[in-house]
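Presented sequentially are two complexes of chain A, the first with chain B as partner and the second with chain C.
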Partner chain A sequence: MTDVPLTQPRSTNPFSGLMSGTVGPVTVVVLAIIAIWYIAAVALNTPFQKDIYERAGQSDVAVSQMVTDTLFQERPVLPAPHQVIVEIWETTVEKKITSKRSLVYHTGITLSSTLMGFLIGTTLGILLAIGIVHSRVLDKSLMPWIISSQTIPILAIAPMIIVVLNAVGISGLLPKAMISTYLSFFPVTVGMVKGLRSPEVMHMDLMHTYSATRLQAFWKLRLPYAVPYLFTSMKIGMAASLVGAIVGELPTGAVAGLGARLLAGSYYGQTVQIWSALLMAAFLAGSLVALIGVLEKLTLKRMGMAQ
Partner chain B sequence: MNALASAKDTEMVETTTSASPNRVIDIENLSLTFETNDGPVHALSDIDLKIEEGDFVSFIGPSGCGKTTLLRVIADLEKPTAGHISVNGVSPEEARLNRAYGYVFQAAALYPWRTIAKNVALPLEIMGLSAAEQRDRIARNMELVNLTGFEKKYPWQLSGGMQQRASIARALAVEPDLLLMDEPFGALDEIVRDHLNEQLLQLWAKTNKTVVFVTHSIPEAVFLSTKIVVLCPRPGRIYDVIESDLPRDRSLDIRETPEFLKIAHRVREGLKAGHSYED
Partner chain C sequence: MSTMTAPKRRLDMPALLAWFVVAMVVVGLFSPIFGPDYGIMDVPRLALCLVILAIAGVRYELGFMRNLVGDLILGLVTAIAAWLLIATVTNHAGEATLGFWALTAATWASAWLFVERLAVWKSASPTAQRIINLAIPAMFGITLLVLWQLIVTGAGVPKVLLPAPSEIWVRLTNSVPTLWADFQQTFLKAVLAGYIIGCGSAFIVAILVDRVPFLRRGLLPIGNLVSALPIIGVAPIMVMWFGFDWPSKAAVVIIMTFFPMLVNTVSGLAASDAMQRDLMRTYASNYWQTLLKLRLPMAMPFIFNALKINSTLALIGAIVAEFFGTPIVGMGFRISTEVGRMNVDMVWAEIAVAALAGSLFYGIVALLERAVTFWHPSVRGGRA
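This part shows the complex of A and B:
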């Protein structure tokens, strides 16, 4: 009998602990991104900083001074992470939500049209998919239109939708939501068509032997089969909805919403404001998709399809 | 023997009194050709077969000889390209719409998002039975296949053999007069298989169901059947039909008797002759 050590000796590689589990690697990646961001900020802001020095007649500035200055410009080409974070802090925590300068206010505007467009788009997508799966005529006649609808650049038709709907007296949330709908129904339609058609042949045969009606086969077989597909396409649809909401805010004269912040920021060269709005949009998209992910887990667990 | 023979006689009298509907399946000159990309596949050619009420018929033959296809034609899952078939005196489609049969597939084909009990309930829900009737049938048929206690489990929590038993319970729950079973016990071990064979036989004897049963196993075919249909491939056709004279009431011990072995021998010869060993 040989003595087997009960605990494995720790590896001498100092990084092995860091790269095990999930927290370690995620931290490493985030730190790397921030580091690259800082380096890029310094590199991109240096030319302008040199201009400033030249105009001020300062000839030899220490490198460390210059690096610091590039990270604290008022209108940098690329703002440094801490500038964006300070801006977000000031416009969320330190501003009243009702204030027009509050980022939370603008995020809320964008969120509401995103959700509205997403709900309409998902419903529309599901209904289209049901029609397409059950009718050859609909399949042949609708599918080409649905696909070609997505080849038109959204930036080209968004102003038209907004202007036309404004002309007939519809303004506010709905026109923006329509653009979100336009972008989000597509992945849901395609995903649901695939899902509703995915039951195994034997499972379909079984329904046939029971002489089940199409409605019964739909409720008891096709729909449950399509649920995982629905959630996957809802994640894509949600992200597309947010893009649609932001694009929809651009032609309205930039009154409110994250899109308005982006546009206003670019009018006045407020890059820090642009980047904080971008970061907020990314955070919003991430949270919404994660929320669908949680719903998916819960649903599949209830259905017994996940361990 | 005498008692059994007389029992059989009285039954014959009974069945002949009710005119001709005791012919459950009537197949004449039936052929089925699949059009595939590599040309036509003659899955069934010139099939003639009569199955009477209360028969236990086995289809046996090498892989690809059309056993499943023939069963699917009876179930209206496949349309013949030529010939005539009637089930319960009507077309297979009409018989299917009347819910005349229960079908057990070669694989369990349980719905993964339903518990075992819910899977058994599936056809009952479609038939629109009351909740109480459903509960009753689920309990009875789960017990019959020895799955009591597994009602709330999901299919992936069960072994392959248990899943197949659940699929049998599901077919039985329909309480059809005609049972179509495609290698239902193929995936089970010998002991479980023997047990289920006995139970199936008891069920059949008790209820006077008609069973059409596909198998690869000669002992299984001989033990269960009143009629054994030997098929051979390319094109799929009937090579031999063996009417078994074994008593209807049999136990597993019968497999050692000379009568049993004689029938098994004839089945084996049929299989050998129909089987081409070209490699």
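This part shows the complex of A and C:
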């Protein structure tokens, strides 16, 4: 299709193409968020800065001076983005990884309990789903409880699980991982039940005419059908698992991990530290979910199911 | 095809369970249940009851009375056996031996067998079928509670680790005023305020975003990303900004509920077909008429999905935010302090209240959904 004179003439604006995709608008929104962040930082930090000037006896300070000062406070109400980035840079690249002040060290601890909980939770979720799909009783008796188990605010019980398990002598990774497990098994179970039931009646009948056993029907029909559902629910499960790991680190008395950094930061008023831990957690969540996304693409391509 | 139909298997799940019940009762009858020399014959009622249970298991094996009456008797006897076991074990806490565990296993297996039979029942009337469908999970829950009670008292698990359900119940009924004050502080103030503001503002923003395609393309990917982030981490910051009382918790709830609602509403508003929108155009309806009469009703399943997700998120957010500092009232505060004082039964009572509140909240939203989206296939079909 070459240019047809009847079609609408191209816009004369050279940038119009930039804003029609997703990349352009997303960039604009991100920039807007950063701008709002800076403005909010100045607005929120001004009262304290005025206090400082008053105490120092400086009466007339130029507005430009005040704005720069609000963006470089030691313990600001809302740290400016560049302060957080500097803090992240200092605690990740410039510190040794083994140091307790290194953010990489804390991220590693959170990551390990996240992954452990995620693995246990996913396995448990898949097993439960297989049981539910194959047994009428499990379907009728267990499924309502699995759904209502999620209305219980498990994160509220997190401190108790950890304290109790510590009392029994189980400490370290496992208690935190259990909370992640509890949060991540649910999406996997629900998604897998849906996925394992997704083959059409026609296909199940075909397996039946082949005289396939339930095991064969499971391996050759149900499981391949459930794979896309599994990946979708694994993404949700991974995000939930990270939340579980972070909250699980709160009651252990701020020993190590991103949750501990949050708690220590809030005890000592280290806002920059809180924000850097938060950004790190966000980055971790994003990259873990993206990793599953990549795996999903590769697997589905290999199975010939990619769209 | 007639040769292909599988013969009725002898060893299906109920048959296995029935044999297990019989075997366990036999073990229980011939070994001491508490301590070295306290056999089951010291509790004649329990012995009689379990013999009947064994007979009920055998009758299933042999195939007579495999009908409703037989199953009802099985259920009744199981309930009585469980009750008697609990009554006996209360006087002998922590002394359980092999016989007791065998009897516990027998009771559990026969409860399972009963549920298994219950699931096979088919009733002609839909109300009876609905009652059965409710009874099965209820039975499952009751069985879990009974097992919990039996194991914790039988093995003498220290109260600090895991209190028995009966102890939790006693604590719950004894401290209603405290629990009510906590509930008021956390649920009625923080959760409800945050939930309404968060969902409401996200709804309005979603409609604005839907109006501007540029914002929709820019905000949706970010909204999806934020939904995956551990937002709960903003709790310490909110506590710093808004103080210790409930507004800071409400703020956490607002942030947590905002993005799921935003993403779901925007995708819900895009759910109407081109055909349906064309029809609205042929009616010459303007933007607001299309929005109110077509697109919002079509978006309702999505919106309610978000409302349901948010109902659990809100409670979690408020409780976790209280770990970072509160006045001396609130569910999260109570949980964290009572754990420190090793009053684990109080913690469990608080959890029971939270679970009940969470389930009720979810249930109300689900009922509302059924009322609003009565036209949706998933509601009309009778299968939610």
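Keep in mind that, in the parts below, the second predicted complex is superposed on the first by the 281 of 307 C-alpha atoms of A that agree within 3 Å, B and C clash if a C-alpha of one lies under 4 Å from a C-alpha of the other, contacts with A are read in each partner's own complex, and residues count from 1 in each chain.
Criterion: a contact is a pair of C-beta atoms (placed from the backbone, for glycine too) under 8 Å apart; a residue touches a chain by one contact, two chains touch by 3 or more.
From a predicted model like this one, the values you see are computed outputs, not experimental measurements.
Of the two partner chains, neither chain B nor chain C is touched by A:256. In the superposition on chain A, contact of A:137 is made with chain C only, not with chain B. A count of residues in chain A touched by chain B and by chain C gives the higher number to C. When the shared chain is aligned, chain C comes close enough to touch A:160, but chain B does not. When the shared chain is aligned, chain C comes close enough to touch A:168, but chain B does not.
Of the two partner chains placed by superposition, only chain C is touched by A:289; chain B is not. Of the two partner chains, both chain B and chain C are touched by A:211. Of the two partner chains, neither chain B nor chain C is touched by A:86. 211 are the residues of chain A that lie in the contact sets of both chain B and chain C, per the superposition on chain A. Of all the residues in chain C, the ones that touch chain A in their complex are 4, 13, 112, 115-116, 119-120, 133, 136-137, 139-141, 160-162, 214-215, 217-219, 221-222, 225, 227-230, 232-237, 239-241, 311-312, 315-316, 319-320, 323-325, 331-332, 335-336, 339, 344, 347, 350-351, 354-355, 358-359, 361-362.
Within the complex formed with chain B, the chain A residues making contact are 200, 202-203, 205-212, 216, 220-221, 224, 227, 303-305, 307.
By the touch criterion given at the top, residues 19, 21-22, 24-26, 28-30, 33, 77, 135-137, 140-145, 148, 150-157, 159-160, 163-164, 167-168, 211, 235-236, 239, 242-243, 246-247, 250-251, 258-259, 262-263, 265-266, 269, 271, 274-275, 277-278, 281-282, 285-286, 289 of chain A touch chain C in their complex.
Every residue of chain B that touches chain A in the complex is listed here, in rising order: 75-77, 96-97, 99, 101-103, 105, 107, 109, 111-115, 122-123, 125-127, 154, 156, 174.
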